[in-house]
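Following this line, the structures themselves.
Same chain, two partners: chain A is paired with chain B first, then with chain C.
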Partner chain A sequence: MLTFIVRRLAWTVLVLFVISVITFFIFFKTPGVDPARALAGRNPNAQTLAEIRAQFGLNRPLPVQYLLMMKQLFVTRSLVSYSNQGLLVVPELAAAAPATLSLVFGAAVIWVVVAIVMGVAAALLRGTWLDPVLMILALIGISAPVFWVGTLANYITQGALHNSFLFRWVPPLGYTPFTQSPSQWFLGLLIPWITLSILYIGLYARVLRGSLLEVQNEDFVRTARAKGLRESRVVVRHTLRNSMITFVSLFGLDFGALVAGGALLTEVVFSIHGIGYLTWQAFQSLDLPTIMATVVFGAFFIVLANALVDVAYAWLDPRVRPT
Partner chain B sequence: MAEPLLEVRDLKVSFRTEDGTVKAVDGVSLEVAEGETLGIVGESGSGKSVTMMSVMRLINDPNMRVEGEVFYRGHDLMKLTQEQIRAIRGPGIAMIFQDPMTSLNPVYKIGWQISEQIRAHEKISAKAAHARAVELLRAVGIPHAQERVDDYPHQFSGGMRQRVMIAMAVSCNPDLLIADEPTTALDVTIQAQILELIKKLRDDYGTSVVLITHDMGVVADIADRVAVMYAGRIVEQGSLRSVFYDAEHPYTWGLLGSIARLDRPRPPRLTAIKGTPPSLIHLPQGCAFGPRCPYRFDLCTEVPSLENRLGNGHLDACHLDPERKRDLRETAIHPELAGRGQPELTEESR
Partner chain C sequence: MAAIIEQVEAPADLRPEVVGRNPWALAARRLWRNRIAMVALGLFLFIVVICVAAPLYAHFVAHLNPFTPNLNGTTVINGKVVPVMQQGGGTLKLGETPIGPTWDPYHYALGADDLGRDVAALVLYGGRSSLLIGIGSALICCAVATVVALIAGYFGGVTDSILSRVMDIIWAFPLYLLAISIGTELLTHSQGFQFGPLHVSASSLWVPTIIIAFVYIPYVYRPIRGQVLSVVRKEFVEAAIAAGSSAWRLIFSEVLPNVVSTVIVLLPLMIATTILTEAALSFLGIGVQPPNVSWGTIISGGEDLLYTRPWVSIAPGIMIVLTVLSLNVFGDGVRDALDPRAKLRVGE
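For the complex of A and B:
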């Protein structure tokens, strides 16, 4: 276990290094990018630009600039945004994280529960008309882009039907921290949760159904039946339990990617100022320090999610445990 | 005669497929008495496994159709509710499957899997069930049962896994044990051990056994009675002795000719049955074995019924005259002995 953790940590450091280097060099090799110009404001003269370059170290060789930025990001945490010099990037990121975590975590709960119910129902109802209906619903969920679903949801709940009894409870767009008001936190996130989870419900329900049908034909399921177990126990403890191995590994990766900023579209549509929103803004203003911080943060979460998937995998499947 | 433990009457199992209806089992009737061992022999696809799985209602195929009656202790298993049949699986009828590598759930400890069955049928604490699992593992010859009870299936060899399957099957003291090719997937050396184990448990607990196999040698080792199946029908049925020494059906002759025997001179080459089993969708007109049978004649275009042609309790489904069969039998099974007359059989040589 200890070697596993050490190996994972070393792996994480390596991934973060490679990703940050790639991000850094892509940024400076992008044509038309000049941080000094962004920092200097409107119509700067040559002297101002030179001063800014000297002040921010932009006139030094790129590797030195890279190390300087890493030092400011990880050690002194004093990295300043290019577009707003009063803004420290690291605290900004820390402030955005709870919104993203709330959004992704809630959506994950919904999509796991609903996908399991839908997948199991479809597998058990195979041969009836309900199975294809459920799977078509899932396919619609996968095909509907999240920005479209989100905009539509906003149109209905914030605009057209906001004053009807159905949606009067929906608060205005934006994120209310849990510590400030748990009920507003919940109500404000409910529509975004559902919007974000629709795609994953469809995906996971289909994957789970396929996996269940595969496991259903396994000899050990027949053995479970021959043992005289109740059908519900056969399905839950034997069929579903083995199907969860695929399900969980998929979940870990998707969850990690969403926390890492993958929920960007949902955050933008619902004005939730999370990691994705921050990334989106940073890209619009080509604000390298913020981009760098969010990318490193995201990479860290993806590596972490991978490690957790490995742990969960070993827990679910004794065959892959190290002996 | 006492009521048999299990009585199958005119069982028919068919599957609808894209190419037509597959008649996997076509009117099988058989009985198993208390304490008796019945061997069901036949090639792959002859319907032996499907017959016994239908008895336990273990086939879950929406395209399947089952007709007929299966009486177990006076209940027609085909008419029972899910809950009633569930209660019989395990303590009433238990089953061992062909492939021990895939028949155990890979994610649970074997002790847990045995306890799970015990606890599904008896009110017993988890601890007591676990202790019984250890006892059972010891009884089926797993070394260090106390430690190995908490191992996972992948930590066992194929033979050991089959022992675990057997321990699980006998965990609720079943009246009837169905063993579906229990040794087919195992090494030859392990096969004999597993058969010995089944025999021992049968004798210790007085369990009835139905052993499904394609191996005449296995049947000779264990069965009291033998049913030979071909293309979804029973073609011959009788005591072990009568099937081995007075086989009446040319297909059985073929099976007997294809095994090496120590009580006969060694043939230069074992005889094989020519041709392949018929398609179960388009069965040949009349006797299903007809197209492969070297002795077929005019009457074979009619389906022969399974009946007692000699008045000695031995059933066969062949139109040939019993006199003629007696003449043909030896040469059919042992062509190399033709013209040498009946070999002497002594009690020791069996």
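For the complex of A and C:
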């Protein structure tokens, strides 16, 4: 088990290194993109450009430039934004993280609870009309683009029905930090949470129903029934518990991807100034250091989540452990 | 003796005809009998047909070109001539507001957008781009992923390790960030690119198609590689090796036909995924570029009019949901028909 973890982590480090190199080359070494020009502002003369190149190390050999970049990103955290002179990228990302984490965490709570209820209900009600209805609802959730659902939610809660008793409580778009006002934090995030969770409710309910039906035919479930356990205990302790292995591993991956910028569309639609929103702004102004930082940190999260899921999987299920 | 034989042999026309059916015909029959899947396919084909017929609608029914701004134009509502851009409309009674839905197919059925263009015609034209990019990128993605998976799974060893690790690395990039990075990178070349003799302009539909195809290659690669690995160990492949087949022949005549069903199962689900991705990228402004429109760009364009003319954003979204839903339902049907394990999984 220990060798497995060590090997998995060594591979993780290698992947992160390769990703940072690729991102560095995509953004800083493609023809037509000149960081010095981006830093110098409008119509710079040759001397200013040369000075900036020297100051930011842009005239040094490529590997040195790469190392400088990584040092600024991870060690000194002094990477400066191009479009917003003097703004430090890494602290800005750190400041944006609570908004993204609040959004993703709340949505995750909703989608896990609702998906388990829907999945279990559909599996138990198999053969009745409710199962197909629940599964069609799940499919609609999977098929609706999240930014459109968000737009629609905005139209209903901010426009059409905002003055009715139903949605009068919805605050204007934007994010209120929890430390500032817990109630506003909650109310402001409720609609974004629901919007973001719809897709995952659909996905997870379907996956859970499938694996529940699969596990239902296993010998240990029959044994549990044969020894006279109550049906509720069979479902919760035997069937559901075994179905959760797939569920948990999926959850790790999706949660990691969402924190890493996957919640971008939801953040943009609801003007939540989190990591995804920051990245989107950076793309619009071609602010290369910010993009570099979000992609590298985002990849870091995804790779880390992948590694954690693999380790958790090996721990839960001895069969996948390499010998 | 002869008499007995005569008795045993039934007359030719009474003999039950036993026709061998190949697995494809059986799967097609299973699919055909799946009512829900066929309804979904019908809906998808209907959407494809009306989007392909967009120029006919624009020319013969709406009588206008949806790509030219029509800020000073007029239209007819209840027999009265009214301007397309109305002064002081909307809730704020300020500025100009495009005309809302008239529900009259001849005169701005779904209203106009901020440039006075007919939303109904735009949605149909947008569907052409969205469907073209969705289907095109899913096909390219599946084709490339299949070839890479065949090479990796067939040669195994170092080849497999390297290819699989490359796929892991692509997949480790945050998906939308990767697509956005490539998109931004490509779109900054406003003059377009030169691939040998081919010239691709920056506003070409090929740009989003290639980006979306690329980011999903690892997603399709993994299941197909697994399938190749299991097929390569089968006896008929060993027999072909023993018979002296070349690697080329083994890959394409022995292994490929046995993994095609996996690819076919994945294809409709991939088209659904790529259509959603295209919409998201276009919504963020890095997918389809003007003068082309797609469902995603129309929704994003309608954001500014959301509280006065919501239908500009709502209509293309409904089209996306219907298209993707029909593809998902149809894809489920294809999987049930082609993948016997899916039947086992349901427990029957």
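Just so it is clear, the second predicted complex is superposed on the first by the 294 of 323 C-alpha atoms of A that agree within 3 Å, B and C clash if a C-alpha of one lies under 4 Å from a C-alpha of the other, contacts with A are read in each partner's own complex, and residues count from 1 in each chain.
One rule holds in what follows: a residue touches a chain if its C-beta (ideal position, glycine included) is under 8 Å from a C-beta of that chain, and two chains touch if they have at least 3 such contacts.
Everything quoted here is computed from the prediction, not taken from an experiment.
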Inset, instruction - Could you classify chain B and chain C on chain A, in the superposed arrangement, as clash or fit? - result: fit
Legend entry - Contacts of A:Gly261 with chain B and chain C, given as first, second, both or neither: second
Inset, instruction - Would you check which partner chain A:Gly298 touches, where first means chain B only, second means chain C only, and both and neither mean what they say? - result: second
Legend entry - chain B versus chain C as contact partner of A:Leu139, first or second or both or neither: second
Inset, instruction - Classify the contacts of A:Pro192 with the two partner chains as first (chain B alone), second (chain C alone), both, or neither. - result: neither
Legend entry - Touching partner for A:Gly150 - first (chain B), second (chain C), both, neither: neither
Inset, instruction - Kindly classify A:Lys227 by the partners it touches after superposition: chain B alone (first), chain C alone (second), both, or neither? - result: first
Legend entry - Centroid geometry (CA): angle chain B/chain A/chain C, rounded to a multiple of 10 degrees: 80
Inset, instruction - Mind working out whether A:Asp219 is in touch with chain B, chain C, both or neither, as first, second, both or neither? - result: first
Inset, instruction - Figure out whether A:Ile26 sits in contact with chain B (first) or chain C (second), or with both, or with neither. - result: second
Inset, instruction - Kindly classify A:Pro171 by the partners it touches after superposition: chain B alone (first), chain C alone (second), both, or neither? - result: neither
Inset, instruction - May I ask you to name which of chain B and chain C touches more residues of chain A? - result: C
Legend entry - Minimum C-alpha separation between chain B and chain C after superposing on chain A, in Å: 9
Inset, instruction - State which residues of chain A lie in both footprints, the one left by chain B and the one left by chain C. - result: 216
Legend entry - Of all residues in chain B, those that touch chain A in their complex: 56, 58, 60, 62, 82, 86-91, 94-95, 97, 99, 102-107, 116-117, 120-121, 152, 154, 165, 168, 172
Inset, instruction - Using the touch definition up top, name the residues of chain C that touch chain A in the complex. - result: 168-169, 172-178, 180-182, 184-185, 188-189, 272, 276, 279-280, 283-286, 296, 299, 302-303, 306-307, 310, 313-314, 317, 320-321, 324-325, 328-329, 345-347
Legend entry - Residue ranges of chain A touching chain B (in the complex, touch as defined): 126-127, 216, 218-220, 222-231, 233, 237-238, 241-242, 245, 316-319
Inset, instruction - Can you check the complex and tell me which residues of chain A touch chain C? - result: 15, 18-19, 22-23, 26-27, 30, 32-33, 139-140, 142-148, 151-152, 154-155, 158-160, 210, 213-214, 216-217, 257, 260-262, 264-265, 268, 279-280, 283-284, 286, 291, 294-295, 298-299, 302-303, 306
